[in-house]
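Across the two complexes that follow, chain A remains constant while its partner is chain B and subsequently chain C.
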Partner chain A sequence: MSWWRWFSVYGPTYLDGLAATGVIAAAAAVCAVIWGALLLLVRLELGRAGARAVDAYVQVFRNTPVLLWIYLIYFAFPLVGLTWPAVVCGGLALMLQNGAYISEIFRGSVKAIDLVQFDAARSIGLSSWATFRKVVLPQVLVHSLPALGNQIILLLKDTSLLSAISVAELTMNAKLLTEQTGAAYEAFVIVAVLYLFLVAILELGVKWARHAVSWRPPHHAL
Partner chain B sequence: MGKRRLVPVMFGLACMLSLLVAAGTARAEDKSRLETVLQRGKLVVATFSTAPPFCYTDDKGQLVGFDVDIARLLAKALFKDPSKVEFVVVTAEGRWPAIESGRVDMGIATTTIYPDRAIRVAFTRPYVDSGVSVLVKKGLGTKSLADLNQDKYTIANLNNPQMADRAKKFIPKTKTLTFDTPAAQVLAVRSGRAQAAQLDTPVADWYAATNKDEFEVIPELMGYSQNNAIFLKHGDFVWWHWLDTAVGEMRTGSYYGDYSEIYQKWFGKNPPPQKFYIR
Partner chain C sequence: MLTLLLKGALATLILAIVGIGGGTVLGVGLAGLSFGRAWPLRFLYRLYVFVTRGTPVLVLALLVFYGLPAMNFALGPYVAGCIVLVIYGSAFFAEVFRGGVLAIPAAQMESGRSLGLPPGAFFRKIIAPIAFRYALPPYVNVCVMMVKASSVLSIISVWELTLAAREIIERTLQVFTVLGTAALLYFLICFAVDRLGRRAERHLMRRGFVGERA
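Showing the complex of A and B:
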C-alpha cells in the first residue's frame, strides 16, 4: 500500500495512540518527579531509618522490571479488592519505578549543594520544610535537569509496555494494525518515527527549561 | 534539537527507512522452501505458548500440545525424525511478521482460516476443526451469549480484528479488553478484570476442564464451526503443496493412524472419520 494511502487510512489511529501516549507519559512523569522529590524529603528529614527505607525502596525497583509491576498492579491487585483502570495501574507502576530512579538523581544533586547553605538557612531561622522548599528543591531541580530529561525519555519509552494491559497507546495500535493488515514493517517503522518525534519534543522542552533557569542578565543591563 | 543532534538523528532515521526498503524489495528465491528445509535438516515452526491444548508449556517448561505434535509429525514425514523441529514462540500479532520475514518455515498456532487473512498468508487445508467459545467465571449466571450482552460485563479479546468484529456482532453491549496472548486473556478473567474471554473452543474447554471450580464455558458457540490451519508465506507453491498434501493425508489417508493417536492424546476422543462413507 502506498505510504500516502496508509497515512490517510490509518493516520487517525496513529494520532489517537500518539495523544494517549503523550498524555500518559506527561501525567506519569509529573507524578514520578513529585514522588522522587517526596522520597528525597524522606531521605533528608527522617534520619537514618528514613534513608535506609528509601534505599530499600530504590533497590527493589532497580532490580525488578517495570513490566512486572504493571502486571502485578493490574492483574493481582484486584484479587485484594483494588481494581483500578488500566491507565491508572500502568501510570502507577511507571511512577513508582521512575520515582525511584529520580530520587537517586536528586540525591546526587543534593551532594552538589554546599553544606554551608544548610547552616545559613538554619541561622536565618528557616524550618527544615522551608529549607527543603526554598533552598534544596530549586537547586536540585536545576542541577538534575539533564539527567531528569533523560529519565523522562526512558519513561516515555516504557509507556509502550502498557500495551500488555490493554491500554490503547501507540504500541498497542501498532500491534492491532499489524494484525489487521499484516504490514508489520510499515506499522512499526511509523511508530518508531512517532516515538522519535515525541522524544524530540521532550528534548526541546528540556532545552527550554535549561535556558529558563540559567538566565543571565545581558551585559548592557549590568 | 540543535544542529549537532540533527545528524545522528537523521542517520538513525535513514537507517530505519533503508531497512524498510530492503525488506520490502522482493527477494527472488529460486528454490522452494521445501528444498531449504530438506537441506537444513530441521523444520522451523512458529507457534504460541499459552493456548492449551494446542500449544503451551507444561509444568516442566516443555512446549507441548496438539499443534506441537502435528509439527513433529511433519518433521517425521520430512526427516523420519520427529525431533527435528525448532519452535519459535510468538505472540498473536507476531505470527504474521515471523512468516513474512522468512524467519520461520511455517506456523501452526491455533490459527483460524479467514479470507481476509488469506490475502497475506497462505493456508493449507484445515488440520483440525475449531470454533469460538466464551469462557466465563463460574457462578456468573450467564448461560447464553444474550445473558452476557450487558453493559456491566467485560470480555477479554485477542488483538485480532475478527475477535473485535465477533464481539461487536454477538455481544455489542459488553465492554472489551484486548490482550496479545490467550494466557493474558484468562488471567484477566481470573483476576476479575474481565468476566469472559473469547477463545478457540478446544482451548476454552481445556481451561474449564482443568479449573472446574473456577471457569465454565457458555454452551453457545460464537458463530459456526471453523477451521484451524497451517499458515505459510505466499508464493511458494511447492512448499504449500507439500504441506497441504501432508495435512490431507493426515486427515483422510496414509497418516490417519498417526493423526488419530495425536488426536486421542489431546482431545480424548477419535477424530472425524477419514471419509464419510467409512464407518
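Showing the complex of A and C:
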C-alpha cells in the first residue's frame, strides 16, 4: 500500500487519537495544577493537622499505581449513582495522582521564598488568603515551571492507561487498528513515535522554562 | 478473596524483583556506555534513554507483547512482561547510576586518579562505592516506580495484583473492598521498599562511608 493511501486510510485514526490525547492531557494537567495548589493551600493554612493530612494523601498516591485509581473511579462511581463518562473518570484519577506530586513540587518551591516576604506581606496588611494569592502562588508557579513540565510529561504518558477503560485516545486507537488490520506491532511503533514527538515538544518547553526561570540581570545593567 | 489478592501481590513482587534485577544489570552497562569515549556510544545511550523513557509503559508492553510472536518468539505474556520491565527499568536505572557517577566530587576523582590504579580496580574501589552512595535515594525511587509499573502489565494479561483484583470485581462486584485491599497491598509493598532503602542509607552513613548528604 502506497504511503499516500495508507495515510488517507489510517492517518485520521492516529490524528484523532493524538488530538484526544493532547486535549485530555492538557485538561488533566490544568486540573492537577489547580488541585496541587489547593493542597498547598491546605498545607500552609490548616496548621499541623492540615500538613499531616496532605502528607498522608501524598504518601497514598506515591505508593499506589495510578491504574488502580482509574479502575476504582471508573467502576465505583456508577455504583454510587454517578454515571460520568469514562474520560472524566480517568481524568479525575490522573488529576488526583498528579496533584499529589505537584503539591510536593510546590512545597519545594515554597521553601525557596525568602521568609522576609511573609513579614513584609503582614506589615502591609495582607490577609493570609491575599498573601497566598499575590505573594506565594506567583513565585511558586514560576519557580516550579521546570519540575511542573516534567510532571506534565509523566501525565501525558499516563493518559495511555485510559485505554484500559476504553477512552478513545492514542493507545486505544492503536489497539483498535491492530485488531482491524491484523498488522501485529506496526501500529504501536507509529504510536510510540507520536508519543515521543509530544514528549520532545514538552521537553523543549521544559528547557525553555528552566532557562526563563533562572533569570539573571543582563551584564550591562550592573 | 484475600488469598487470591495475596497471591497476586506475590506475583507482583516477583515481577518487580525480576524487573529491578535485570534493569540494574542492564542499567550498569548502559551507564558505562554513556561515558564512552567514542561519540556513537554516547549517542546510542541518549537515543535509548529518550525512546524508552518517552514511550508510555503500556505502549512498550503492547509493542513487545504483539511484536514477539511476529518475530516467531511466541513466549507468552509473562516473559513479555518481564522483558518490558527490564527494558523500561534499565533506562531509569542507567540515568540514576550516571547521576551517581557525575555527583562524585571532582577532588575525590582527581585524588583517585593520582593513585594510578588500573581501570578495573579504579572502578571497583573508587567510582563504584562513591557513586553507589550518591545513587541510592533515586535508586530506591526507581524501584518503587517499577513496582507501580508492574500493574500496567495487567493490561497485557500478565497475572498480578491488579489483574487479580479485576477478576474478582468482575465476579463479585465488590469494587470498593477489593480495590481498596489491592491499593493497601501495593502501599505496603512500596512503603516497605522505601523504608528498606532509607535504612540502607542510614547504615551507609553510619559506617563513615564516603560522601555526605548535601
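Heads up, the rule we're going with is that the second predicted complex is superposed on the first by the 197 of 222 C-alpha atoms of A that agree within 3 Å, B and C clash if a C-alpha of one lies under 4 Å from a C-alpha of the other, contacts with A are read in each partner's own complex, and residues count from 1 in each chain.
Rule of thumb we're sticking to: a residue touches a chain if its C-beta (ideal position, glycine included) is under 8 Å from a C-beta of that chain, and two chains touch if they have at least 3 such contacts.
Please read these numbers as outputs of a predicted model, since none were measured by experiment.
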Combined model on chain A: chain C and chain B, fit or clash: clash
Partner chain in contact with A:158 - chain B first, chain C second, else both or neither: second
First (chain B), second (chain C), both or neither touched by A:189: both
Chain B versus chain C as contact partner of A:137, first or second or both or neither: neither
First (chain B), second (chain C), both or neither touched by A:63: second
Partner chain in contact with A:204 - chain B first, chain C second, else both or neither: first
Which superposed partner A:175 touches (first chain B, second chain C, both, neither): both
First (chain B), second (chain C), both or neither touched by A:72: second
Set of chain A residues, in rising order, touched by both chain B and chain C: 75-76, 79, 163-164, 175, 178, 184-185, 189, 192, 196, 200
Residues of chain C touching chain A in the complex: 50-51, 54-60, 62-63, 66-67, 69-70, 144, 147-152, 154-155, 162, 165-166, 169, 173, 175-176, 179-180, 182-183, 186-187, 189-191, 194
Touching residues (chain side chain A, partner chain C) in the complex: 59-60, 62-69, 71-72, 75-76, 79, 157-161, 163-164, 171, 174-175, 178, 184-185, 188-189, 191-192, 195-196, 199-200
Residues on chain B engaged by chain A in the complex (per definition of touch): 1, 5, 9, 12-13, 16-17, 19-20, 23-24, 92-93, 96-97, 100-101, 117, 119-121, 159-161, 177-180, 184, 187-188, 190-193
List of chain A residues in touch with chain B within their complex: 74-76, 78-79, 83, 86, 163-166, 172, 175-176, 178-182, 184-186, 189, 192-193, 196, 200, 203-204
